[in-house]
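Consider the two complexes below, in which chain A is the common component and chain B and chain C are the respective partners.
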Partner chain A sequence: MNSQILINYIAFPLIKIAILLAAVFTVVAYIVLVERRLLGFFQSRLGPNRVGPLGLIQPVADGLKLFLKEDLIPTNANPFIFKIAPIFSFFPPFVGFAVLTFALPLIMPSGKMHQFAVADVDLGILLILSLSSLGIFGIILAGWSSGSKYPLFGSLRSASQMLAYEIPLTLSVISVIMMAGSFRLSDIVTAQQTYKFYFIIPGIVAFFVYLISVVAETNRTPFDLPEGESEIIGFHTEYSGMRFAFFFMAEYANVVLICMLTPALFLGGYDIPFLNDLELYKTHPYLVNVLGFLSYAAKSTLFAYFYIWIRATFPRYRYDQLLKVGWSVLFPISLLNLFLVALIKLFLMK
Partner chain B sequence: MIVFVVLVSVLIVFFSIMVVSLKHPISSAVSLLIAFLLLAIFYLLYGAEFVAAVQVLIYAGGIMVLYLMGVMFTDSEWIKITRQTHLQAWLALFLVLVFFGYFGHKLYHSQYPAPAVKRTEISIAKKSETEKKLPYLQRETNPRSVSVALFKDYIYPFEIASVLLTVAVVGGVFLAKKEV
Partner chain C sequence: MEKIKNFIKMITFPELIKGLSVTTKYLFKKKVTEEYPDFKPHIPYRAKGKLHVQIDTCISCRLCEKACPEWCIKVFPPPKEQMKTDKRPQEFYINQEHCLHCSLCVDACPTGSIHHSYEFELVVTNFKELLFNKETLPYNQLLKQYKWNYIENVPVRPRTTTPLEQKENTK
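Take a look at the complex of A and B:
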């Protein structure tokens, strides 16, 4: 095999994947800490601050504790499915990170362009949506294979919740796809840069539907019925140790994925506000790369803060209210909005 | 590539047989899920990325979830004593062989690659000024060619299918309602 092909198609992507995964795992570990501390501040207490300065080594301690715990499998459980169910939950969000683009392409001295993404494929957002629809199997199979009826009820609750909210979520994302004319995430950002407005402005309704649906899809308060940490029994009751940690990490990886996806879809992604990026890119490409990356990071961080803020603010919905909101409020609104966005695209977006 | 195609095809057939021959309904459902995912890989191998993604999104992610939920409500003790085969199996085997022979014959004598259908060229004639500046709209991508085929070349079958689906939805609601 040609060594050039080996470098371009195997070594280089592998390095990219390693860097991305290291970054993602770190962020996923630390968003748990950030959330616990912020929730503490919201409730006028300190939150975990004992392990290391400002509690910064807390994720390591938590991980170590979960890793050393015994891995129990209940007698009634179906052992094979019980073991593979966490994997179904775990892998979709981490694969989803591969299609995110973090900045405008890097121009090498040789004139070649390098995308700041592992795989900036044409299907982009569609890939994330279809993978996240697979994550539901982890929950269903986990609840069923535990061999106990309360996890089964928990998983059925969660399956119908995720089905109900997946449809408005997809429809509101479709309105963004329609405005941009492409599934590819870098194209969606390019469209926002070229039109010189962010898609949150024509898609304000879609943004709110999207926001409510992603909170429900990631199983967080006010829609955290699948887990129901404090009173109702969730699908992962029978899990312990590392297998439980897989579900836990999958949930937070989903949160991080959403926090990075939302800016790209609605808030311009790596576009720098109040600057004409594409003009500046022609003269100072590296500056735009760095500033764009920082702006993307800032938008994602602000959105993550907002996401935690939601959790600290709202009480939980009752189950029938939750399904009612999903099917008879969000679903019609998102359909109507799709029609509205089509009209906007046809007549206003010149 | 042909190795992968054969491997994936054999696996699809294997898991499809598992769907009907395994005893436990959850095992059947998981086999069906694996068969759906393998079918998506099969589409990917032939370069139909959009169809592959939609296969995962709708069949694996949507329909299988409903199947699994339905299966969970069945009584698994009762299933253990139910027979898996009955007398119709011989009739079914006969019919399968007849159809397999017929389609095999047709496929063997068919033209490959298929004769070119007249396709609409991808051109967005009424592009606005900003759209002309977007570089990616000039590129032909897999989703774009699928959409042109659906909404230009085969618009009538597509619309008729949508009417059929609406009829099915209305019928389903009608049947599920206790009082009309």
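Take a look at the complex of A and C:
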């Protein structure tokens, strides 16, 4: 009895966490490389291709470089908060991965079902949203504790930007939740499978509002005002070495998390397009698992590409324009859309 | 009608789509990067590289030494008696360490013995390697290879034509 509990509640989740973390770290490391190379291609360059074949060992080299750099703490800084701030912004995205479901449940030979998720909790999306707003703390603390005014300005910019875009983001996610009738991510995907259409069709407006506000939430170009790598002095100006790497990885982990969340919400997640998954699942469960995972990965890759594409194309917003778009365009649109989706749900989706 | 058109324009964002299509076009275009160590880069015709001295035709006049703003050329003419028959310098030093590649020495030389080559790889681990003398000047190593015969068509940069010469050429 005791050993059963040990296996089910401690050993199994730990193995799952280890696998997930390893996968996420690899993906986060390589999305940086992919982004740099793709940006190069977009600008008629080749990008980093020297370290290893096709530059595949570049992330290791970058990591080593950052690791070996001196870790400076400014004299004016508050050392304790300065040290703890990167962790605040580092851990939320990684926790967010825990609630993602990657495929239909695995049926063991003994007849037991295993979810392809570390914790498929029933408030999954809410957890991710609240964690993403927790990430602001890391940024504000980093800016404040640096003991220098420009990081402070950067962090304040970031805070008001995130506040402005979190509301349309949440409202557009709520329209999805209304259509699915559940906060659980696997339920949302199953709802799309049973309705036999993806939520992007009734929620096309919500999808675009979500796309825009998510770019702003992750502080990426058109909206990278908190920290413009090229020009703007941002919240992690005073950071160097490993602590800077934490912020850097947090940013990209956020991107990966969003890239994996978007298909689950709007494009049917691990649903295989043009196939009746739930029927096929009864006869060939393993095949559906593998194919579903692959289709999920493909959809996520599409979004990752889209992010990089946007970054290569658009110039940065001005700050007042940014807030104007957030508050006076996206917010009313998402509210109206919420109303519309409610009507659709009431009359068309039985 | 105009209003409907404007409304459609407002919600479809044609500018954004245009921008995205431009970047996509560049994604598949040929890249302009020259992968230097693997492929030698294209060197322009009048590039100013490392200095070469053709010791055979040098008359030890030391004009290049005087012309150099960085004082990086040092010519040792032969003793006076020898000057009557053989004017080739006893020793010829070029310190590429502070050469500006300004080609003032090239313009000053009356015999055209000193000139730029197309060699541009001047990275060394020791500054002393940039001090070239009669033996180590690249042209002389070539000469050694050819058993000290005169070589034609050495890959060197042509002398800069002065405006006067250009006028004459066009006549």
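Worth a mention:
Assume the second predicted complex is superposed on the first by the 349 of 350 C-alpha atoms of A that agree within 3 Å, B and C clash if a C-alpha of one lies under 4 Å from a C-alpha of the other, contacts with A are read in each partner's own complex, and residues count from 1 in each chain.
Criterion: a residue touches a chain if its C-beta (ideal position, glycine included) is under 8 Å from a C-beta of that chain, and two chains touch if they have at least 3 such contacts.
None of the values given here were measured: they were computed from a predicted structure.
On the superposed chain A, the positions of chain B and chain C stay apart, so the two partners fit side by side.
Of the two partner chains placed by the overlay, neither chain B nor chain C lies in contact with A:9.
Of the two partner chains, chain B is the only one that A:181 touches; chain C does not reach it.
By the touch criterion defined above, A:194 reaches chain B but does not reach chain C. In the superposed model, A:286 lies in contact with neither chain B nor chain C. In the superposition on chain A, A:314 makes contact with chain C only, not with chain B. In the superposition on chain A, contact of A:350 is made with chain B only, not with chain C.
In the superposition on chain A, A:129 contacts chain B only, with no contact to chain C. In the superposed model, A:78 makes contact with chain B only, not with chain C.
Taking chain A as the reference, the larger set of touched residues comes from B, when chain B and chain C are compared. After superposing the two complexes on chain A, the angle subtended at the C-alpha centre of chain A by the centres of chain B and chain C comes to 140 degrees, rounded to the nearest 10. Note on the superposed arrangement: chain B and chain C approach each other to a least C-alpha distance of 31 Å. Those residues of chain A whose C-beta lies close enough to touch chain B in the complex are 78, 81, 121-123, 126-127, 129-131, 133-134, 136-137, 140-141, 144, 152, 156, 159-160, 163, 166, 181-184, 187, 190-191, 194-195, 349-350. Partner chain A is touched in their complex by these residues of chain B: 26, 30, 33, 49-50, 53-54, 56-57, 60-62, 64-66, 68-69, 72, 128-131, 133-137, 141-143.
Chain C makes touch with chain A in their complex at residues 16, 19-20, 22-24, 26-27, 29-33, 35. Contact residues on chain A toward chain C in their complex (touch as defined above): 38, 40-46, 309-310, 312-314.
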